[in-house]
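By written order: A, B, C and D. Residues from 1 in each chain.
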Amino acid sequence: MKKKEYEAELEPLQIELVKMQAWARDSGARICVVFEGRDSAGKGGSIKAVSQNLNPRGARVVALAKPTEREAGQWYFQRYVAHLPSKGEIALFDRSWYNRGVVEPVMGFCAPEQTEDFLRAAPGFERMLTEDGLILFKFWLTMSRGAQIQRFLERESDPLKQWKLSPVDVGGLSKWDETTKAAEEMLRRTHRPPLASWWVVNSEDQRRARLQIIRVLLAGLPYENKDEAVVGAADPRLIAPPGL
Amino acid sequence: MKKKEYEAELEPLQIELVKMQAWARDSGARICVVFEGRDSAGKGGSIKAVSQNLNPRGARVVALAKPTEREAGQWYFQRYVAHLPSKGEIALFDRSWYNRGVVEPVMGFCAPEQTEDFLRAAPGFERMLTEDGLILFKFWLTMSRGAQIQRFLERESDPLKQWKLSPVDVGGLSKWDETTKAAEEMLRRTHRPPLASWWVVNSEDQRRARLQIIRVLLAGLPYENKDEAVVGAADPRLIAPPGL
Amino acid sequence: MKKKEYEAELEPLQIELVKMQAWARDSGARICVVFEGRDSAGKGGSIKAVSQNLNPRGARVVALAKPTEREAGQWYFQRYVAHLPSKGEIALFDRSWYNRGVVEPVMGFCAPEQTEDFLRAAPGFERMLTEDGLILFKFWLTMSRGAQIQRFLERESDPLKQWKLSPVDVGGLSKWDETTKAAEEMLRRTHRPPLASWWVVNSEDQRRARLQIIRVLLAGLPYENKDEAVVGAADPRLIAPPGL
Amino acid sequence: MKKKEYEAELEPLQIELVKMQAWARDSGARICVVFEGRDSAGKGGSIKAVSQNLNPRGARVVALAKPTEREAGQWYFQRYVAHLPSKGEIALFDRSWYNRGVVEPVMGFCAPEQTEDFLRAAPGFERMLTEDGLILFKFWLTMSRGAQIQRFLERESDPLKQWKLSPVDVGGLSKWDETTKAAEEMLRRTHRPPLASWWVVNSEDQRRARLQIIRVLLAGLPYENKDEAVVGAADPRLIAPPGL
């Protein structure tokens, strides 16, 4: 998608996002958006597209560092709970508790039993929060293996993006199939419509992907003065519940 | 129970508590003890009896102030989660998430729906934690109405205890029956043996009550070199699961 | 400044910012950047320009909400201290402890004595931090009264920016002179070169202003492989220490 | 001092402490008490004697664990600042920022330059807080070498106290002279009357020591209805500013 075309479509959606935040503030809605996906699938860029015109005092990005020793000894979800949104807030998680579902087991950072425990516990954790009124969106961004390799090559050569290329990424390149398998199991076991659904995002074209993500958010939130013509419907070839 | 007799029984139990803490530290057990009950039933004194010889770096008392506006807008359990024990720690809650089960509705500090939501959510919350390995004890301290009135009178006249007599207490005096009813419902709906049981403690004689609480804790924890002759068995006339 | 021209100048500076962050991470530098200024002077946009290509795990934006009652009772600086950068981190403060220097007294949110206490304490506070190794930059963004009015009008009519127009802003419109006076006193009393200098930024053209801010940051940090031709020198007509 | 005699003297002082806390709550005083001293000098017991009848919701004991990696990278005082008292609160520090003055250098846990930096910074840190209204008390508990050895032997043989005997303690036994020297330098350089004075406490008889500490606290706080006959004057042979 060309930049110009993208920007033309993005702008009216941004206006809707601003209306949506005003509604969240006034109604006290608590909105939690989880961005997960393959390395280089565009989590950070999607978060920026969502938040760029939001009031930062009500829209936080949560990107936690690796746990301290003390945190590692706590209930697994404890350090994430501390960052859940309060009334009127939007919390955008750049990676989340789902670390334990895919990245950690694929990279060997946790034991298989820990992933199993996590997959068993996550639906209950999210059910508890959503029954309490939290509005939860979960996006899994993915693309073809060719696209991933190409992005890594770009990161390597682009001085603005080199920091994004971590040893974990490079290690991950050879883990395509393991990642696919772990992600499929995670999606299957933690997709719980209607309150804790996953959306699988085809991020081959990152600009298109961002527009779809914003559409899903807007369509899923009952803010006032919604311009349905702008929000429209997300393209099911680009964003859809996991094909279980 | 006479002070002398009490101290003679308490001392060997204290030695067991110290062994228990060493075990928690070495094994990484996470122990959470909730003290709830009628006003003046002896929550604070029980916590002191349990913790007086423990290493304060591994045994914390959690006595939260009323929530800030921001906390009031969060998931109800969120501010409590922040204080759950990490590996090797013992957290002693002087009042807890059960505020919403009895004190708040009886005093009119929350809406009936909020208590209903709480009673529905609490078992799931605790199941999640205990399935994750948290060891949970919940004590409900109670005594006769006559004993409560007597203690309030003592508090009023004892300059060391006047701070304990809050307007909520005085208001609570006339709420004996409402409290009984709310407590019974709470116990019935949130007693979930074996991992999230309540223990109802007859606190008419506070010294005896403290000894029983310590016995229940020690009996329920698999620490090494336990002196079974000292731990003995708790007296079922003084401490027992709720008679549902 | 035209967008195209701006982007052409910005890109190589972004590469330098990425190098700078790599240096901060490796050397353990702690970098704290304070953005203050008149409403609509472009604090948020400047922060975005600085951070857009930085790794979010090492570069945090700190935009605190109004203090809770508990925080209001603490040492004034306490809630800000909690967000100071650790080793290798860059903290970008969107408003800061300097709230008490200008906005609060001008809007009547604090007593004159509190501002006086603050102005007396701030240099000592910052000296303590910078003597401990913190690297501190402080930017005061300002522009002409005409430009401010124009931006408010834009905000009013631009649906993407309406949230930026708060009652405080509108109230502030009539406070131009009070703000000027308060800012001058604040700059005079808290400009402490070389470790706690202010930079006054002419933000009439926001794009130019952002480039200057980035130049000052880069020039002030001893990162490796600095491309001096790119960093160049900031334009003293646009950014300079306060003319005391 | 005999237990009976101690308790007879302690009780009226406890009543004064309760009055004092009521005054702190009503006046919004912020009170910070630092307990430092040789191992086994009775810091924990003194804190218990001060706090045993205080309302735990306004009187916190702060006993921090060793810093996490992230904390170790912050401004040295940062993690302590988070626990300073808010309005109406009393914070009792069981060890404090003074770790870096004596224990850490004597045990080789920090570099000499770090202690030097600390000793230079601490007076400024405390001046800033006390000028802001914080009321600060600092107690250094000490006793003869013979008494220390005796207490270690007791700890070793008393199952209730074995946890208090850490490898640091045992290592510390042979460091008597280094500790003396480091403590003298610390006291000399950080004793800043009238707002940040040290009190050196002869803790040879721990019960007497506790009574003196309470007297110093009460004498130094302007609470209402103070019973001067009870508070009396602290015994200068047992508690006094450092003999510089």
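We take it that a residue touches a chain if its C-beta (ideal position, glycine included) is under 8 Å from a C-beta of that chain, and two chains touch if they have at least 3 such contacts.
Remember, predicted model here, so these are calculated numbers, not experimental data.
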Centroid-based (C-alpha) most distant chain relative to chain D: A
C-D or B-C - the one linked by more C-beta pairs in contact: C-D
Mean-CA-position distance for chain D and chain C (Å): 40
Mean-CA-position distance for chain D and chain B (Å): 30
Whole-Å gap separating chain B and chain C, where each centre is the average of the chain's CA atoms: 49
Numbers and ranges of chain D residues touching at least 2 other chains: 65, 70
For the chain D and chain B complex, residues of the former touching the latter: 11, 14-15, 18-19, 21-22, 44, 48, 52-57, 61, 63, 65, 94, 159-164
Residues of chain D defined as touching chain C within the complex: 28, 30, 70-71, 73-76, 78, 81-82, 84-88, 117, 121, 124-125, 127-129, 131-132, 134
Complex contacts: residues of chain A adjacent to chain D: 65, 68-70
